[in-house]
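Every chain is named by a letter (A, B and C) in the order it is written, and numbering of its residues begins at 1.
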Amino acid sequence: MSPKSQFSGMKDLPKTHLLAPGSAMCAGCGGLEAVREIYDVLGGKTVFVNAAGCMTLMSVYPYTPFRGSWLYTAMASAPAGAQGIRDALDILKSHDRIGEDEDLDVVVLTGDGSAYGMGLSSTSGAIDRDLDFLYVIYDNEGYGNTGQQTSAATPHGARTATATSGIGVAGRKKDLFSILAAHEPAYVATVIGAEPLDLARKVERAKTMSGPRFLIALSPCPTGWGFDPQLSVEIGKLAVKSGAWPLKEYVDGRLVHNRVPKPLVPVEEYLKRQGRFRHLFEPRKDEFTLMDIQAQIDAYWAGVMDHDGA
Amino acid sequence: MYRIRFHGRGGQGMKTASRILGAAFFLEGFEVQDAPRYGAERRGAPIFAFVRADRSPILERGVIPNPDLVMVADDTLVGMPQAGVLQGLNAHAVLAIHSTTPAGEWRQRLNTDARIVILPPLFDLLDAAQRVRVSAVIAGAAACLTGRVGRDTLSQAVRTELADLTNTVIKDNINKALQAYDEMNEFKGIAEPQPRTDTPLPTGWITLGLDPATLAAPAIHAAANSVQVRTGLWRTLRPVFDYSHCNRCNWVCGSFCPDGVVSADENGWPRIDYDHCKGCMVCVAQCPKHAIQGMPEGWAAQQTMPTPPSPDRKEAAP
Amino acid sequence: MTQRTLITGNGAAAWGARLAGAEYMPVFPITPQTEIIETLGDWIGKGEMGGRMVTLESEHSMITAAGAGAATGVRVFTATSSQGLLYGMEMLYTVAGWRVPLVLVNVSRGLSAPITLEPDHNDILAARDSGCLQIHAATCQEVVDAILIAYRVAEDARVRLPAIVNLDGFYLSFTREPVWLPDASKVAQFLPDMDPDEFAFRADKPVSAAVAVLGGGPYSYFRYQTHLAALGAVEVFEEACVEYDRVFGRSYAPVMAHRLDDAEIVFVMMGSFATKAMDAVDRLRAQGVKAGLARPLLLRPWPQDAIRKALTGRKAVVVVDQNLSMGFGGVLRGEVASALYGQADAPGALLGYVGGLGGRDITFAEFAEMAREAETAAAGGEAPPTRLLYTQAELREVRNLQTLAHAQGLTPGGEGRS
């Protein structure tokens, strides 16, 4: 991390908040927590371009929590909306029809449903065009706004509204981080609201860069994952400590892990607090699936050790 | 036709309650409609569900503006205009509230002609494990108040609607539903269909004219005006500071609050904006000093909230 | 300086964008539209034209970027065709709801399946209810003129809606015709700079645009306002036509008339095939048949008054639809019928024909036969059912193809009927 960060410790985190309360997100929403923390650092000189998802209900006529601007587009094409706004602002600036002070940072905000699936082509295109924008993905590992159906971000073994029996989802969570990084954009980072210092530093860093920049925020979802809202942060921390959600960055063409959890907390500690994994523990423990999930995580971190030489 | 509305909060099982009663009426040979109604609001926000039951096919649709019976699972909603509990109630209607507060006190408190019936507490709304029970209790009480559903039918309806759950849970819920039914025995059948007026009221139609595009586009020309939405109404538990334990670190409660309703005042003491706190209790769970406690909202609303110590107590903070 | 040059319909479309001073052009290639964006790209590359062109990765994204650019306050031009228009259809409806002005040129081409290249109007008519205005050009000249008029109407404070200018693939897109290119120095007289009004994202003016609206009351309001703005665009269009005539000396109207004054049999057609109808009208007139043509230049908003004026009091009206609403018939015939129903002096018969699908020709003989059937129907007071313009020879050709495709043997009962 840059030594010049204004966030050297927890005490430097914002003590007042920019995003206004009053939006219709669920109590304990891990996505809102991350977005609010991100907004605190980004500030109101922004225009958020949104795709269909939970956060579409951030702004419901006639109320908005944003200090800056917002445009809802559709599920598939928020990055293209960002393209239109960025290009138009650049055109206006180049003709001196607006000043620098009227310019805005363009931020795409979508869930995993759009980012991992329907909007991936639009995202890929925006990176191809080297669009100067920040893309914030709140990843609650399912189509949350419609009741938590399986998305490409749903992890192995989770039950969803469309995978209600057996081990749940048999597939594996899509590695969006690597897909994005393979495009060689300016910046890709994973974050989580439960690690606000790491998050603030990454937002701060992304803000100073230009080009396509991505923040993928794992977003513990009390409603979709099945846990009491008060556990939202605890579960988020466990996602990091268990190694299930690696905190990492792709920057200057290099992959960096910001934190290597040592030792890894057994992933069971993370899973057993969530209703979507309850079938792995009750009525009897599904040792095979639990070992499989643990093995995947262990293999990932073994690869990190090899790669980083840690 | 019976027209029955169920009021609760998102997550309190009003949809299931309406389905149990709907199934019970159906099993008794009635034509039935049951449906939940929700918008953008989430868990904790006021929602409602409704049931229509009639001996003839039901042609009405949508929300029930003038119910014969209103069932309230969460009594903190009754006085909340946004929840619309009292909407459309007349002297013919019955308002049944699950509450520890006696009917007389409600009668004094509320501006309604409706007959008020109190269902004594049979569940704890704050206990997540009892969530299903709420549905069974409310449906059971409603079944008795209509007088058209027998005990056996009620049991069968609970069994049908909760079929996904374990036998033990189903049995517990049947017992709770029957207990609620029996509690209401003295009021059995007091909710009756109201005669409907067939005289059409004036429509109030206008011819909509063209407005300027700036006015007629779905755009909000304001910043941060969502503060006018009082999401504090979603709360059933209230986080309350014990400032004697708070070390003013601020970053824990302040950073983790998803809605950003915890801010530091000029002396560094954290303050909660109760107009907007949704009561998720993340701050309570995370505070390392255990300086925040969760209090039942109904109780806390009657108390004076602790205020931060004066600045000169600064040195007392560890 | 005014000049008359030979250019294709696609070239005319590019000139329309250039003369209008389009600043932002999100694009995506598709036949038969691609030449438009190639031309624009070439001009921009050579510095002959200002503006920024960006190739998106789909029409859905292209229309999103177009709408977002317009919502930020720049003049936007874009173009597509058939499948592309359908792929972006969600966003056509969406950007209309944003109430942002932009011009999209659609080069009509028959829709898949089966996929084909030549034109008909099913693509553009699928956008009929989107809230976008629709102007249907019949010549290369009309293409360039319609684009300038479209910008003026779309950006008018009373309208603020996207506009689509339609031209037929191949028959206009790749066909050169002499075109009077509007004098660039006069364009500013006709088309003032775009005023973004309150529609713009700026740091000092926060706006949350296109937000969710809950409840039938507010939703009905916003949707109906878009409708009212579109309805009002008929008058704004007429004003623009008067002004266009004043500045450039070419006269347009929502419904273009050809020999209508004393016409008894009136054809109704849109787009480039309507010039075939004009030719047929002239030839029928020479034979003593009092024929005429009413050609809607504007399809949305639907110029109901002008349609009624053009068609009431006639012996018979013949609508030739170059489109097909499956399970209904021709779309335009339905629109015309709705305009005429209950009108005093409604025509004695309303006949519907479907022709020109996938670029299939319509011959003079067919126009003459349609006119004859119309006379008969008017005399008998009953119109025949909608007919597909199709010949024995065409079916014979299809049977040959089916044989070559080994499809004949799959039919229960052996060979298909001839």
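In the analysis below, a contact is a pair of C-beta atoms (placed from the backbone, for glycine too) under 8 Å apart; a residue touches a chain by one contact, two chains touch by 3 or more.
Since the model is a prediction, treat every value here as computed from it, not as a measurement.
Asks: Just tell me the minimum hop count from subunit A to subunit C, counting one hop per pair of touching chains.
Replies: 1
Asks: Could you name the chain whose CA centroid falls nearest to the centroid of all protein CA atoms?
Replies: Smallest centre-to-centre distance to the global C-alpha mean: chain A.
Asks: Among all chains, whose Cα centre is located farthest from the one for subunit B?
Replies: Relative to subunit B, the chain with the farthest C-alpha centre is C.
Asks: So using the touch definition from the top, which pair is joined by more C-beta contacts, A-B or B-C?
Replies: Pair with the higher count of C-beta contacts: A-B.
Asks: What whole-number Å value describes the gap between the mean CA coordinates of subunit A and subunit C?
Replies: The separation of the two C-alpha centroids amounts to 43 Å.
Asks: For subunit A and subunit B, what's the span in angstrom between their mean Cα positions?
Replies: Distance between chain centres, rounded to whole Å: 32 Å.
Asks: Let me have the rounded angstrom distance from the C-alpha centre of subunit B over to the C-alpha centre of subunit C, please.
Replies: 53
Asks: Indicate the residues of subunit C shared as contacts by at least two other chains.
Replies: 206-214
Asks: For subunit B, what residues touch not just one other chain but two or more?
Replies: 40, 218, 220, 222-223
Asks: Subunit A: which residues touch two or more other chains?
Replies: Only 44, 57, 59-61, 64, 66-68 qualify.
Asks: Using the touch definition up top, name the residues of subunit C that touch subunit A in the complex.
Replies: 23-24, 26, 51-52, 54-58, 60-62, 64-74, 90-91, 94, 201-204, 206-214, 218
Asks: Okay, in this complex, where on subunit B does subunit C touch?
Replies: 39-40, 208-214, 216-223
Asks: Could you please specify the touching residues of subunit A with respect to subunit C in the complex?
Replies: 44-45, 47, 49, 56-57, 59-61, 64, 66-74, 76-85, 87-92, 98, 101-104, 121-122, 124-125, 128-129
Asks: Show which residues of subunit B lie in contact with subunit A when the two form their complex.
Replies: Going through subunit B, the ones touching subunit A are 40-45, 128, 218, 220, 222-231, 234-235, 249-252, 254-261, 263-264, 268, 273, 275-276, 278-282, 284-286.
Asks: Which residues of subunit C touch subunit B in their complex?
Replies: That would be residues 97-99, 157-160, 197-199, 205-215, 221-222, 224-226, 228-229, 232 of subunit C.
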